[in-house]
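Got some structures for you, see below.
Next, two complexes with chain A in common: one pairs it with chain B, the other with chain C.
And now, the complex of A and B:
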């Protein structure tokens, strides 16, 4: 990548003309977005500042063919902090639109529909924060059926649809149900009885933690060190990925409490995934109450990505709640 | 300051407010209210025995609340004049100060505010700046994390006369910090708050870093910056010295500061642009280089002195290059950060310049003004007939017009800058602007539209911006159609709706009204007067039967030659798209309606021979 010959001024004009791309050239590369961006934690190659810089220089081929333009999930954590008030995800979307028109496609995994199982109920369509799922009429085994269809250009592989699908027809490579249950029960964690069942001396807690809700590597390392028989941490791409069936499975298999941790208000990496996760936990709480069970055993909490030492406090709090429950007569099993 | 206080020709009036300013260059009347100090200025020796016995302690503003002061105190040790004052909001009237003052008998609890009427020849506004409050930037945690401080607080903490006697301490635990992160451009160069560059923060950040590094060579200091701006004489060398001392400069703007809840250490998250990596830096203390912002009472001062403000909010100078210390009001000058963020050398230079500009006024018996001014025809002014009007006074950006019912409006010639807004605004044609009279304007229209008027675009341009823009289009060799005919006035405020109507009555194909962008107006608010007036133009044109598409309003600056060329090109294309016959018919039909509207003009002897249309009648027919 040397030489001015590859600077394509026309590319800059194209982006500026695309809705959302208007502010490309006001970027002065301060790096606030790069330091805010959560995607960078998983892929250091992704750098919104550099992406805008390359686009602003007119490096057409390099930008359009890069995998990075597809990685932004439009969480807009960077936008409120940008001193030039550039809506960066809009600029990236404008670039994507150009890429799609020119035949480029996102390389990453995307949710897939099993046409045999899909009932066409549209629950996933409503759950998807990106509007990536619609329904099409198709013929399966000579029968006319309406089934879901995922637009790979829009899918951000958050897994919310997988959790939402009542028929188990949605699949996503990295966060399939089987994969998650394996992670929950690794090392026989799920087989052992909990404190409320009279097994363990201390409460056993399963924490589903959104992978975006904690930013610093050091924080994650500290959390991993906390894992023990009393605490199992399962990372999810989003708290909206929590499947109520898995929460209940954990409670029947020896977990005393299940803690779901999502992002702080307004920080959800998948637009409204935190809202969906919280809704699921609230419904589960309600269900527990109706069944006459202690609703405190399932809790939802939020953590700002850059807050420090929030999760240990949340776990301690839940532990205290569960210990209190153990001394109450109504601490029934599931 | 002490020198100034001792000078026989200088009187310092401190602890006072300017209430109002009347008059004009060489003859200002300034009313000032001196607040009661409750201490007699002639008897107080500044010994401070009263403060020593005062039992009341309140946060010290000068020390930014980092230290206490007494209810009877001086603002700071070097105050001029060194005379104590009682803060009655906090005084408990124990009178211990009276006892301490003893025979000097300087304390007087019965003191009242004193109103002074000053007669002065010129005024210098040097009201300084305020500091941006970083609490509004949540990601930097100022106000929530004790060890995040502003540069101003750092100045006090590192000052040997400050609250810690020069020993830098962490507010959270009083420990001496071993590391410091300095963050630049807090609240400046940020569209969320202030778009401008605050100018001197780079230098004071480097200065603070160097002072701390000199005191403690082991201290780890990082400066986060977007751009280091050290353009003045000797500044770059200063910056280089800081680098050589081992101060770390990180090219990147932090996105977040978080706090370790136990140690109160801070973690600064930023991308280093040079290596393209996000770095987390744990540090004992963070200093925010907060922007200089206009003083909060700038608006109030602006209205008292008829000053205007730049888009950034600071006072605006008369001309950015040629008259940088003059305000738009003659005889009022600007100095220091009140006009824009400035460091000490620049403030001193501007202060000296303002003093010599002011002396220029004081040393003369007479003052020459521009010949373009407005005057009132007492016979036509409706106010003289006992009717309420005052439209001219409302339009005047300089407060040069006074109107009393029963008397004709009076224009103070020395205050008039000749924008002509009043002349256009007067519904009775009672005001004339010299060199831009109605008759002169119509005579120009007459000449410009003598031949094939329906193919012409009449472009009204203000002298300072749009005329410069047209000039720029010419000198830059931007091509545009030859159909435009320019008509210069001093300000868009002078552009009377009647001129536009008259142009159409004379058969002009299109009319453009152009002036400065609002923030560039040479006459403070002249552009706003015009903008308001021409916002009604579309409806007015519809009423007289002229297609409003034949009229256009554009704000074109002197640098926008390309815009001028584009506007004329677009208007020419539009004009060519109209059907010629229909256009002529439209003009003929509208002519008597407009003529009726302009009947008062016809009555004016000055207009005789200009208003009738016999000459152009044939051309149209």
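And now, the complex of A and C:
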């Protein structure tokens, strides 16, 4: 395979000349980056070490046409661990820039704007951790309008903009509002009354879990086994995708508690997504307290890169809180 | 052609919605040529018994402003629903509870206590509290009983159309009345008197788009740059989560949008949408920082749900935690006197 690919010595020079690409050749190919890479956990075909190696060998076409160059989310989990202090996401971005100029594009999916519903309010452009959204002037039904536009080359499909958009104008395959509500309520889960409503013997918990916050396949498998009438897990690309309206909707229906699980501080796969998730839960808690409602019905919890099997513990903890609430409703007002 | 029979009513409201109708000015003369006002307590002398004497469905269109605060409000809502072929929730109170719904945050007893004893303008040396029945030498006086929860009209009786705004802009009111006069109303359930999209679409300010803020401010704390996006200056502006229709009045007066035109089309909970939009605009690269930034938002419920608490998911949670009916007498049918 390598032998068949055309060697292009000029490619290395191209990368070195691109801002961020300067450190390509300092790579030792030790593989520490691959060992820490979160993307790799989801897609073993992604290997930053191999990517840098191929680029260093000048395999221009092979590198530029690969799907892998688009997969790095610049979480920089590898950066502090690299013995050569290579900012690998910067090198990959340099390679992407060359690919974009050559007409390559990421395979998708990416966020999409509904021009009929977009007001150009700029909430999404501020929300996007990657600066992938801009506003452009365009003509819609013969009217000059300013609307959002997503750069598919920069979009990392985290879904944060979909949650942030106050007009429902932003869409992203598999994490649209309707899809999430369907996953929350599948099998009539939301319609069955909760313990606080006097309908169930045990608390019913809805957990929105960031897909990067749980690190081992065996853990996901264990979680799937835990799903029952008392626990519904909805996997999100990022805790920043959590939608406050969905949290509240769940509580008005059959969920006694809503648990949002994100990455530990500083470990977010999408740069600032976990802060958005935390921020939303923080304000929701604040509002519940203002209204004299039990704020412990909504909780944010973190699962760090070195944590294992934390979710069952978090769920048990919330269950205990909710049982206490159900038995002494007066505590709700505190 | 028979004249259209039109009614206007106010329940728990400030009177601003009636002013919005008076603001039609000369259009009122045009209106008088094609419509008879058969009931408008704020402007003319009518008696409830006149309405009770009407056959059911006698009124063509009733513009109902104000929320349902008392059993009496609920009673009149039921009465007007019966007598009207078309009932319109007119203005933010009738649509979503508006400012009066903020009394639901701490409940009616607290609201009553605050209003009767604590406000700076109250002079009540003997701490008299309003009561539903007061006996005086001449006999017994009655006041309507407060409901446990203030509710929008739709939660009490079925509503055909809704006109948002606190109050609805008079130009929009006239547009709607013309639709009524010419029989051009859309299918029931529609939101009337609005423009497409959100307030941001009508806002002339410059949005840089990538500016995040490290503290939120309230309007009295600084004088905002009149040309830049207010949210990007740190003001909690509800423009992104508010239906267009007012013509961006507040932002043109250098004040942030408060959100009185309700949520954009297809959005269920305005405050939740607002919360998400505000969090997206927050700066901060650590847990401590975001706590500090979001801590600068004073009164999140009153800020995000200033007008829409009555129709929110939160109100549903308050109602179910209350463990009592929102109103003691279901429709208050017997409470009129």
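One rule holds for everything that comes next: the second predicted complex is superposed on the first by the 324 of 334 C-alpha atoms of A that agree within 3 Å, B and C clash if a C-alpha of one lies under 4 Å from a C-alpha of the other, contacts with A are read in each partner's own complex, and residues count from 1 in each chain.
The definition used in the following text is that contacts are C-beta pairs under 8 Å (C-beta built on N, C-alpha and C of every residue); 3 or more make two chains touch, one makes a residue touch a chain.
Bear in mind that the values here come from a model prediction, so they are computed numbers and not experimental data.
Asker: Quick check on the superposition: with chain A as the shared anchor, is it clash or fit for chain B versus chain C?
Answerer: Chain B and chain C fit side by side in the superposed model.
Asker: Identify the partner contact of A:126: answer first if only chain B is touched, second if only chain C is, both if each is, neither if none is.
Answerer: second
Asker: Quick one: the Cα-centre angle at chain A between chain B and chain C, nearest 10 degrees, please.
Answerer: Roughly 130 degrees separate the directions to chain B and chain C.
Asker: Please indicate which partner A:292 is in contact with in the superposed arrangement: first for chain B, second for chain C, both, or neither.
Answerer: second
Asker: Looking at the overlay, does A:283 come into contact with chain B only (first), chain C only (second), both, or neither?
Answerer: In the superposed model, A:283 contacts chain C only, not chain B.
Asker: Who wins on chain A residues touched, chain B or chain C?
Answerer: Of chain B and chain C, C contacts more residues of chain A.
Asker: After the superposition on A, what does A:309 contact: first (chain B), second (chain C), both or neither?
Answerer: Only chain B is touched by A:309; chain C is not.
Asker: Is A:216 touching the first partner chain B, the second partner chain C, both, or neither of them?
Answerer: first
Asker: When the two structures are overlaid on chain A, which partner does A:244 contact: first (chain B), second (chain C), both, or neither?
Answerer: second
Asker: Answer with first, second, both or neither: which of chain B and chain C does A:163 touch in the superposed model?
Answerer: second
Asker: Which value in Å is the smallest Cα separation between chain B and chain C when the structures are fitted on chain A?
Answerer: Value for chain B versus chain C, nearest C-alpha atoms: 19 Å.
Asker: State which residues of chain A lie in both footprints, the one left by chain B and the one left by chain C.
Answerer: Shared contact residues on chain A: none.
Asker: Taking the touch rule as given, give the residues of chain A at its contact with chain C in the complex, in rising order.
Answerer: For this pair, the touching residues of chain A are 117-127, 131, 134-135, 145, 160, 163-164, 166-168, 197, 243-245, 248-249, 251-252, 265-266, 272, 275-276, 278-280, 282-284, 286-288, 290-294, 329, 332.
Asker: Would you tell me which residues of chain B are touching chain A in their complex?
Answerer: Answer in residue numbers: 139, 185, 189-192, 226-227, 251-256, 258-261, 267, 269-273, 276-278, 280.
Asker: Touching chain A in the complex: which residues of chain C?
Answerer: So the residues of chain C in touch with chain A come to 104-107, 197-201, 207-212, 229, 232, 239-241, 244, 264-269, 272-282, 284-287, 290-291, 294, 297, 299-301, 304, 312-314, 316-318, 320-321, 323.
Asker: Applying the document's contact rule, which stretches of chain A touch chain B when the two form their complex?
Answerer: Residue positions touching the partner: 28-36, 40, 44, 47, 49-50, 78, 81, 83-85, 215-216, 218, 306-309.
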